[in-house]
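Shared between the two complexes below is chain A, which has chain B as its partner in the first and chain C in the second.
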Partner chain A sequence: MTNVIETETLTKSFGGMTAVSGTSFSVEPGTIVGLIGPNGSGKTTTLNLLNGAIAPDQGTIRVQGENLAGKSSTAFVKAGVTRTFQNPRVFSTVTAMENLLVPVLHTRGGKAGFTKKAEELLETVGLLGHRDTPASELSGGQQKLLEFVRALMTDPHIVLMDEPFAGVHPSVKEVMREAIVERNKAGTAFMIVSHEIPDLTRLCSRIICMSDGQVIAEGTPGEVTSHPLVIEAYLGQGPASRGERG
Partner chain B sequence: MAETTDLDKDAKRNSDVALAQAKAASAGVRKAPWWVTPLVAVAIFAIIAPMGGILGLGAVTTLTTVLYYTVIAQGWNLLGGYGGYLNFGAAVFAGTGAYTAAWLNSEFEWTLWQTLIPAAFAAAFVSLIVGFATLRLRSHYFAIFTLVLTFLALVVVKNWPALGGAIGLFTDVEGDFSSRGLAILFFYVLFGLAILATVIAYFVEHSNFGYALRAISEDEPAAQVLGVKTTSVKLRALLIGAALGGLAGAVYAFFTGYIEPAGTFSLDLALDIVLVCVIGGMRSWLGPLIGSIIVVLLEQILRVVVPNLHLFGLDIPAETNRLVLGVLLLIFALFIRRGVVGLFVQRRGRVVSV
Partner chain C sequence: MNEIVQSLINGALLGGVYGGLAMGLSLLLGVLRIVNLAHSAVLIFGALLYWQFVNGFGLDPLLMIAPVVLIAYLFGLGVHRGVTQYLTRESDSTVMLAFFGLMIILESIAIMIWTTDTKTVALGYLSGVIRIGDLNIPVSRVVAAAITLVVLVALHFFLTRTLTGSAIRGMAQNRDVAAMVGINVEKLSRRVFGAGIALAAFGGTVLSLVSSFSPQEHTRWLAWAFLVVILGGLGSAMRTLVAGIAVGIFETVVGLLIPFQYTYLALYALLAVALLIRNEGLGGIKQRTI
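On to the complex of A and B.
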């Protein structure tokens, strides 16, 4: 079965700093993969590359078998890749419902159908009561949930999530976790960047650890968290302890 | 396993509490009923409708200008208001429509009705060229470019012999009309176009296209990442707006009977349209309608009042009305940032940054 995402020798530099250096990994359909690593290890840059927000200097990004490296975000969304951000980027002056209707602008279908789908998605995270509330009036945690279901509107094959559990109330975290599990049962793959290792070990079947822009370990949560290179990256002489690259 | 179940139960309870709290908090949010703004618009048009036949010539002409501004401002507001791409290009598109109509009329004797569609197409065509060239620019650069474009259009038309050069073009309405009959004709043509433009703005505001425009205005990179073809969306907004401007311009060319480059590609008009939307309320389909009424009436009042003022024995120059409007723009930009409509419909207004 074709991998949802497969990268080969993915490289991205900003000026003199190489953020992602020859990274290769893959995400199988319907899996939840965690992406961990110390601050500045290249996780967010990897997410930005995987959805076309930035173009790689070299390497390939195959989505469902098709190389989309250098293509626009629109091409990635069309191929089934969506994402959320570390700080939720909801559109604050439009309502929760209207936020969900933005991604389907170029998708064929009537507004009534999309509205029904959006209502169902809002229901899954308990936001249906806020369907007509401007996003600016939602709490930070609710904005994260809204951003999550907005990413599901285009029926993605994979959702890239940047720190979905950071700085949110435990109850919201639980709603998010349940929603991810439910969606995953329906076949959607996830790649989750997080510093909350216990949350990831509960959710993920596989974890990838990056350090200095490279994959240093990959495997089951147990394998990765006990990997000597991972321990060194987090506790030893890795970039985190040297205080490099925020 | 039992531990996980307890954890899950706790989490469920917590999430229920959080959702209940959120619902309670949102219960107090003020929200105007949906029918308020349509009702206001219908009332405004219903009040204006009989005016063409009732009022004197001067008042009808003033109201015709209100309607002319409404059409152009509704068009401008699509990209400038909803899309957040403040620009000074309104006169270019209205001017293109005006010159297309005047040229077709003077050269081929096309009637007002025959020139409307070609004028809209010509303005839309110009907007396509402008849009392709510039809509990848972020808002401030786009604003500066449109400012330059207005001067560029002025120079080009001034030096284009077929368009009458600096002298301009005359237009002639077919048929025998008294001056009052003509005034009524233009009033109702622009009345119809103002309704059309307002209905278009209403549907844009309540469509996925409109939500995407507002998303672009707020966070264009995030909209792109969600798969919105932002350049295409902006281009479509510019194109629809330009076509409306072109239609209004065509009527204007016949309304004045004569057009020349400096008056047509005028920065005054471009600035007035921005003022109309800022005062009325950007991102609201009602804003340009209300803004047009306020700005045009205020301009007329100032035009009459200012020359008669003799402060400290000094004559006040007639141009002072621009100063008053400039101060008004600052007041709205600083303190009434959602425009007049925003004062009544809090949740929909857009925060203006000028």
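On to the complex of A and C.
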């Protein structure tokens, strides 16, 4: 089966600093993959590359087999890649309902059908009662949930999520987690960047760890969290730094 | 007393037209962050084209508004494809310079074709006066205000009740995020730009129903449009209409109280006061969205 996303030697530099360096990995359909790493390891840059927010200096990004490296964000959405941000970027001047309708502007179908779909999505995260509320009046956690369901409006193959659990109330975190699981059961893949390792190990079947722009470990949550290079990257010490590398 | 009522009515009707005159500027500034210095040149070009159709070819004044607006829309699409789309990531000063250049070009072409003579549209069946008691209300002014009202209300509903309107307001707030959720921002920007230019030309047609005009004095209307935009905020058709009416009433009432030559001075003082009270000026406007 074709991988939802597959990168090869993905590289991105900003001035003299290489944020992502020759990174290769893949995400299989219907999986939830965690992307971890210390601050500055290149996680968010990787997400920005994977949804076309920025173009790579070199390397390929295959979405459902098609190389989209250098294409616009719109092309990535069209191919089935959507995303959320660490600080939710909802359209604050429009209502929650309108936030969900904006992404389907170029999709075939009537407004009534899209409205019903949006209502169902708002219901899944408990925001249906706020459908006509301007997004600016929602709490930070509610904005994160709104942004999440907005990313689902176009029925993506994969949703890229940047720190979905950071800074939100535990109840919101639980709603988010359940919504991700439900959607994943329906076949949507997820790639989640998070520092909340316990949350990720509960959700993900596979975790990728980055450090200094490179993938340093990849495997099941148990394998990755006990990997010496991962421990070293997070703690700056461990078997690897003591010369005990494999 | 009658004089005051007459002035209020005249001012309100004139102000309605001012709302139409400013809407295109407001839309481009609010959605695309473009300070369209060519706004008034497009407006006068639209008025001249309208004059050409009505006076030159003897066509119906009411029916000729739509063709002028359509021509301007297509012109706007062309300008976007040829110029504006390349300015998306440029600095504000570069964009303003580009549109200043467009203003000079349009003004020069207009003068070459139509000379600098002052033009007055032959109103035909719109030239009558409605008499209510001692009040005299020009039909053309009522028609111009009514058409503007219809257009601005329609625009209001388009922006607030349709999918495209929601997307435009989303794009106005954050163009990059709009692209990341799947909006073809280039295509939508092109249409919004076309609409902004079409609205500028529309402003020219309704203006020509209530006032004479000449190609080289268009910057006066640019100042008027900026005044209305500053008072009304960006992109909201209803607020623009209300601001236009406020300016119209202010202008006519002040015209009653002080000598005519000081009316403009008072209007520019109003502009200065508006900027002082809002305490944000164009920089603040740039931060706001529709």
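Methods note: the second predicted complex is superposed on the first by the 236 of 246 C-alpha atoms of A that agree within 3 Å, B and C clash if a C-alpha of one lies under 4 Å from a C-alpha of the other, contacts with A are read in each partner's own complex, and residues count from 1 in each chain.
What we mean here is this: contacts are C-beta pairs under 8 Å (C-beta built on N, C-alpha and C of every residue); 3 or more make two chains touch, one makes a residue touch a chain.
Source: prediction; values computed, not measured.
After superposition onto chain A, the partners chain B and chain C occupy overlapping space and clash. Once the two structures are superposed, chain B and chain C can be ranked by residues of chain A touched, with B on top. Of the two partner chains, neither chain B nor chain C is touched by A:227. By the document's definition of touching, neither partner reaches A:195: not chain B, not chain C.
Shared-chain residue A:133: touches chain B; no touch with chain C. Once chain A of one complex is fitted onto chain A of the other, the partner contacts of A:114 extend to both chain B and chain C. Legend: residue contacts after superposition of the two complexes on their common chain; A:72 is shown touching both chain B and chain C. Of the two partner chains placed around the shared chain by superposition, chain B and chain C are both touched by A:103. Look at A:142: by the touch rule set out above, it reaches chain B but stays clear of chain C. In the three-chain superposition model, chain A touches both chain B and chain C at residues 51-53, 72-74, 77-78, 82-83, 89, 91-94, 98-99, 101-106, 111, 114, 150-151, 154. If you check the complex, the residues on chain C that touch chain A are 162-164, 166-167, 169-170, 172-174, 176-185, 188, 289-290.
Those residues of chain A lying in contact with chain C across their complex are 51-53, 72-74, 77-78, 82-83, 89, 91-94, 98-99, 101-106, 111, 114, 150-151, 153-154. Remark: chain A residues 51-53, 72-74, 76-78, 82-83, 85, 89, 91-94, 98-99, 101-106, 111, 114, 126, 129-130, 132-134, 137-139, 141-142, 150-151, 154, 169-175, 177-178 touch chain B in the complex.
Against chain A, in their complex, chain B makes its touches with residues 8, 11-12, 14-15, 17-19, 22-23, 26, 29, 31, 207-209, 211-212, 214-215, 218-219, 221-229, 233, 283, 347-351.
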